[in-house]
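In the two complexes below, subunit A is the common chain; its partner is subunit B in one and subunit C in the other.
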Partner chain A sequence: MIGALRAIGDRVLGRGDASITVPIFDGALKPNQILENAEIVAQFDAADDLATDGKAPLVCDGGRVLLPTDGAGTEVAHFDRPVTALCALPDGGIAVALDGREVIVREGAGGERRSTGPANAPFRSANAIACLADGRLAVTDGSRDNDCAQWTHDLMGRGATGRLILLDPRNGDAREAARGLEYAFGACAAGNETLVSESWRHRVLAVTSDGRRRIVLGRLPVYPSRLAVAAGGGFWLTAFAARTQLVEFVLRENAFRRRMMKEIAPEHWIAPRLRSGDSYLEPMQGAHLRTMGVLKPWAPPRSYGLVIRLSADGVPRYSLHSRVDGINHGIVAAAEVGGFLYLLARGPGRLLRLPLADLEKDAAA
Partner chain B sequence: MKEVVLRLRYRYWPDHLLGEILSKRWTETAIPVIVLLLVAFAFSEAIPGFLSPNSLADTARQAAEIGFVVLGMALVIVVGGIDLSVGSMFALTDFCALFCLDVLNLPVPAVAVITIVFGALLGAVNGFLIGYLRLRAFITTLITLIIYRSAYDLLLFDYSNTIAAAFPDDAVWDFMGGGGVFGVPSVALLYAMVAIFGHVFMTRLRPGWHITAIGGSRRSAYNSGVAVRRTIARCYAASGALTAVGALFFAARLSTVGGDVGVGLEVTVLTAAVLGGISLGGGRGSVARALVGTLIVLLITNGLTTLSVRGGVNRMVLAGILLVAATIDIRWLKNRTRIIAKVYVSPTFHHMPALLGPRVGQGSRFEQNDKLKDVSLIGLGRIEAPEDVILDRHDNLYAGSRHGDIIRFFPPDYEKMEVYAHIGGQPLGMAFDRDDNLYVCIGGMGLYRITPDRRVEKATDETNRSLYSVNDDSRLRLADDLDIADDGRIFFSEATVRYEMHEWPVDGLEARGNGRIICYDPATKTTRTVLRGLKFPNGICVSRNGQSILFAETWGCCIKRYWFEGPKKGRVEMLIDNLPGFPDNINLSSDGNYWLAMVGMRSPALDLAWRMPGFRRRMAKRVPLDEWLFPNINTGCVLRFNEAGDILETYWDQAGVNHPMITSMREHKGYLYLGGIMNNRIGRLKLGKADPDFVQYETRWRKSA
Partner chain C sequence: MTTPILELRQATKLYGGSPAIDAVDFALITGEIHALVGENGAGKSTLTKVMAGVVPLTSGKMLIGGKEVAPRTPLEARHLGIAMVFQENSLVPSMTVAQNLFLGQERFYNRLRGIYIAAQQFLQSLNFDVTPTATVAQLGAAKKQMVEIARAVLHDAKVIIFDEPTASLTPEEKKYFFDLVRELKRRGVSVIFISHALEEALLISDRITVLRDGRHVVTDETRNFDRARVIQAMVGRDLSKTLYAGRKEQVRPPGRRVLTVENLRMAPMVKNNSLSVFAGQVTGVFGLVGSGRTETFKIVSGILKRDFFHGGEVILNGRPVRYLTPAPAVRDGIAYITEDRKVEGFFETMSIAKNVYMGLLAKLGGKRQLVLNKEAETVGKKWVQALNVRAIGQDVKVVELSGGNQQKIVIAKSLVQEPRLLVFDEPTRGVDVGAIAEIHQLIDRLADEGNAVVMISSYLPEIMARSDRILVCRQGKVVEEFSAHEATEEKIMYAAIH
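Moving on to the complex of A and B:
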């Protein structure tokens, strides 16, 4: 009763859960243009994930898995459905998720194993795979209601059906380590825990194999996505979009949100996107107004590019940005190979590269 | 069905009035008046004969006596102080009057003069201490309260018997105490005269303004050259004099010098002043408020006395009311602007029909192309915010800038530029009249004229006030675009009457018909509003038949025609409706048709939001302006349309890099010149098939000359 009254009061006054405030990019998240100035390695039409076997980056583009050497790239594997998650296995094989619904493990020795997840609740939008120390795979399943491509529907539908599933490729055993997540998108082994990005809650969780959760990093101003291990200890956390007060507001305006989802094409919703500015039918916010020919980089981001370098205990050390006036938006995956940080920007479909030494030097400065 | 209810509710329930009423200064007087009416009604229900003429006359007599004291108190509060010594002064001056009359046996006029001067002197002591020596008003008057009261008690001890024994027999004295004219007590008549003078004094005379200014901000008043100390001192003296007047009539009525005269009067008077709406913070108050407050307090005390409530309770009620009134006063003053800002914005239901088929693009009337990609740029980085561009018959190019200048570019290459005239406000629409005067709409200022010898003259900045609008809409807030009819009359649009120019997004959020079209006649120098309730009327163009104007409604996404002459005079017709974007300026083209600038394009999200006023209202309250959902005015185009409203041709810049925004265009000798209010450039486009000799001036004025 008191809780209900408080909720009503909060809604009237805009406090508590009804508050639409968004943390600012401050401290380690202070904006820069490093990502915008990154070297472009290759261009893809439908690249979704990035992995590395330690020698070269691997990219999945549609149904193909490529070694993106010299522009065109060499095909490593081919699948009949689009690959939505990619992981390089220690034995030289790869694990992929196909269309979010099935995980295929191709061992280095040549064998192939398939899994559709827990028998009673199969994968719907498996979007990231990570190898754990015990040989199992950590798979994040974003939503049980929406396909991978329809992540905007899951956000605007206030979905909370994401899961972390531990898959044992040796016997096909799949077990839910966490459920009810508000879009799980990205996993990474960290000691005996698994880090998981919970996108719609703007946080990174650490989940133990028996299901206990701990918030590693909360209240992010962005929607976090896939994680990658950094060589010097710590992690790379990608963020595929940034939060805005207008989206937070719309998320709390149920009538408007429902009508918007029913009456308007998804690409024109008031929602975060991987790229923006393509059409004048997109919603425009006040600060997006081009003044004297300039789009302000601090305008509320409909799409944004951000990678955060986390220390081993999950504290942000520094970050790489592509701001509102930039192009390299929608960073969904990162990988360190041969002294470079490779990043996949889904907005423009680019594979980007930055020399690690420079990043560390800038961070130290 | 639900939407129909929503539409009717927003059409007939005037949401926007609440904010407009609250932002009026008189609402602060209106609330005490309502309280007064409620109190009067309640007591007249509870007590039979409470509002009978006899009872009223008696109330009026007391009201006027206290009323004088409240006037004095009001004066002191408005100047930023407080006078707690009024009760003691009241007693002392009461004593003074009776002493002069009964002991010294002076004539009544002399008694009156001496008493008032005595009161003024008592007040002047306060005034000297507070005004010149800068002591705190509260502590000073608290001390004089005690001193005056002690003096009164001492004097009372000596003379009370003498005064009580005397029975002055004087017609004037009796008239003051109990007489009247046509049943109106003498004291009330005098009070009315003083009140009327006081009102004129406070609102129309220099000293009154000085008093209010000091109360509002003592430092600012001092910096403005107001004699702060002297004015404050005089206010306290005036308070003493007014108290003396009240006491004089009190003495005439009761002829007593009892120990309880004036005890606790300061609380009653203070309650009356605060209850009337005279802010304790100073700088806000009026005679009307003092009167209303007096009446409320008196009705309550008399009513409670009649109901046989004990004196202590009576006092407690008054003190309680004072506390409540003071709280409301302080909370209201603190939050007034915030409350008004929150309720002023009132979005309304605005339904744009869905666009059938592809909105824009292949096969539609609004085919997208890249014809504007290769415009050459004039004044890039050197001109800011040229909303409109115009060329004279010598090929000079004129454009406004946000620095308040009209800039002139010289042919043939338009590289050289100069400030043609400085006006001070943002120039918007422009037009040349027959005599080469350049008429310009200036946002926030009105309609201005620049003569050929570069003199800036105001044409008009006000129109007739609407009968039914709460806001005073006589001033022009956002004159936008204009055109000149053959007979010299100037028709110009005012985009909104509720907001200033830089607040245009708020008007877009409301999407109410806040705009109007106004006609200025230079021959008679008169300005009249001709059309009201338009959704951001913008571009205006006199049509080729010379009997009508075409005008664009930006938020209405339509072009309409208004007949100002001819058989259809006074009628408004829809020419093009349901445009896919927001129309701006309209101008003549050389092939006998019209150019239209589309400043932006509709987006589905905004179309939906326009149908959900509650969503927009909450957005206005919760989300900062920079993050609001805006009309998209980053992409636009230029259209050519004919007299029947058919779209003939479109010009786009899809990338929006070279010439991102277009608010106006002007054809001249085979070129099209483009202006944009958020741009730092003017575009120039070579037209493929256009009359290479087309000059606006010749077309407009030679044929009819």
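Moving on to the complex of A and C:
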């Protein structure tokens, strides 16, 4: 009762969960142009995830898994459905999620195992796979209501059906370690725990195998996506879009949001995007736009590119940005290979590369 | 050169032995608009207050039309033809425009209708669109400014001094105000114009004088200045000769985020302000007067309240907080060390020990029902030693201490609460050089111990020397962030002004 009254009060006063505030990009998240200046290694049509076997980066592009070389790619595996998550296994094999609904493990020795998730609640939107120390795989299932491609629908529908599933490829056992997540998108082993990105709650959680959770990094100004281990200790956290007060406002206004979802084409919703600027119908973004002869000093960013370097205890050390006037937006995956940080920018479909030594040097300066 | 209507020669004004202005030469020519610019504390206000008879000169001369004068009151200055329009206007809000215009000039028998007619005619002659029968409280900022100007002209002022006249005006009102100033110039009135907005000074003035640390730096025609030259003149000290060694060489990395301020609003001072403060760092906050920096941290500390509707969020250690009074903020580990120690910092007639003990009681709240004199003595003694307060004993009244030692007591009053987030607002204002060094060491030590430290300062060398990261506030919000490595005085000042 008190909670309900408080919720009503918050809604009237614009406080608490009903506030439309957004954290600022400052401190370690201070914007720069590093991501925008990154080297473009390859271009893809429908790349979705990035992994590494320690020697080279692997990219999934539609139903193919590619070993990208300059400008093109060598196919290392092919599947009949789009690959929505990719993980390189220690034995030289790969694990992939197909269409978000099935995980296939192709072992280095040649065997293949398949899993559709827990028997009573199969995968619907499997979007990231990570290897755990005990041989199991951590799979994030973004939503039980929407497919991977419909992540915007999940956000606008205030989805909270994401899960972390621990999958044992040896016996096919799949167990929910966490449920009720607001779009789980990205997992990574961290000691005895598994780090999970919860995109709509703008945070990273640490989940133990028995399901206990703690917040490692909260109140991010972005929608976090996949995580990767950093060689020097710590992690890389990618983010596919930045939060804005406009979107927070729309998320609060249920009637408006429902009507928008019903009547407007999804690509023109007031919602974060992986890329923008494709149509004059979409809400504008960027700064210093001249419209009808008037210089608009500011407009909310629809898409953004961000990668955060986290320390081992989850404190942001520095970050790489592609700002509203850039192109390398919608970063969904990162991997360290041979002294370089490889990044997948889904917005323009680019595989990017940055020298790690330079990043560390810049961060120390 | 035309004969100056107003001149100051070697003007010096000491406050407690410290010069607010030091041997300043200044000349104002008839019918010119003269801009006075400088950082906070550069001496602009003191210089103009001397001219307006608010404060007397300690040494030096003031001449009007070549004749030496020494106005001791604003009334004497007004009789000499000098009027000052303060930032906070001096009108009586409950009286009408006409009554305000003729305030102090009332005759034995006043006919209200006559005053209104005279005021109407006079305002029309100035082309001021103000209704003489309107009460001042009903007027907007620009119209109040007009009434102030009209009053100055009515008193036959030859020199009108404006202190930050555009601070509270909208862009449209500013344009109107500039037209008024040009009209005054056309009438042969000389105008002195103090502003932190350099663009305005460059736009409207004929000549610019730059003051720095109470000294005259340069006077030149406005056409010979550009923004960069003015800023250089405002901040270009020889840092090697000051207490501050320049920029930091060792910058502390940020720890966990202790404080997040999201879209904070408190009309009209704080406007959608967002910032973060991290553990283990000194976060310097720079901004000119009215930039909303103090108000932001007073809201965080529960001293001021944010807007009731959509006032934004304050998150302390990941938890949204909203303090209605400072006490819960103190209990949550926030210490705000005030910039105005005499009014807000201590009880001046109480002893050092009791003042420090008061800080502890504030932390304990209702848990401590009795005041224990012995405990107060112990606490006082400990902090007198810890902060090297120079006093005969902890029983000495705080009013009897020097400014630096008083400031240490204010700090001790907060440190006794064992805070984790410390906000130092102008920590070395009015503090002697020795105490400044000690306070700076203390700030460094607190950050080294893992506390989140915020240092609000108007003094750029202090910000540069102590901060690991620097936030610049302008018009109610943080507009720029610099790391200690990339910050320069020019960059910071540029961000604070534009």
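Here is the rule we go by: the second predicted complex is superposed on the first by the 349 of 365 C-alpha atoms of A that agree within 3 Å, B and C clash if a C-alpha of one lies under 4 Å from a C-alpha of the other, contacts with A are read in each partner's own complex, and residues count from 1 in each chain.
By our rule, a residue touches a chain if its C-beta (ideal position, glycine included) is under 8 Å from a C-beta of that chain, and two chains touch if they have at least 3 such contacts.
As the structure is a computational prediction, the values presented were derived from the model and not from experiment.
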item: Which superposed partner A:G14 touches (first subunit B, second subunit C, both, neither); value: both
item: Touched partner set for A:E253, first subunit B, second subunit C, both or neither; value: first
item: Touching partner for A:D26 - first (subunit B), second (subunit C), both, neither; value: second
item: First (subunit B), second (subunit C), both or neither touched by A:A231; value: neither
item: Which of subunit B and subunit C A:I264 touches, first, second, both or neither; value: first
item: Between subunit B and subunit C, more extensive residue contact with subunit A; value: B
item: First (subunit B), second (subunit C), both or neither touched by A:G218; value: second
item: First (subunit B), second (subunit C), both or neither touched by A:V315; value: second
item: Touching partner for A:A365 - first (subunit B), second (subunit C), both, neither; value: second
item: Partner chain in contact with A:Q245 - subunit B first, subunit C second, else both or neither; value: both
item: Intersection of the subunit A residues that touch subunit B with those that touch subunit C; value: 14, 20, 245
item: Residues of subunit C touching subunit A in the complex; value: 253-257, 260, 262-263, 274-276, 278, 308-313, 315, 318, 320, 322, 469, 471, 478, 481, 483, 485
item: Contacting residues of subunit A [partner subunit B, same complex]; value: 14, 20, 244-246, 249, 253, 255-256, 259-260, 263-265, 268-270, 280-293, 299-300
item: Complex contact set, residues of subunit A against subunit C; value: 12-16, 19-24, 26-28, 30, 215, 218-219, 245, 315-317, 365
item: Touching residues (chain side subunit B, partner subunit A) in the complex; value: 359, 384, 505, 600-601, 603-606, 608-609, 612, 615, 618-619, 621-635, 656, 660-661, 678-681
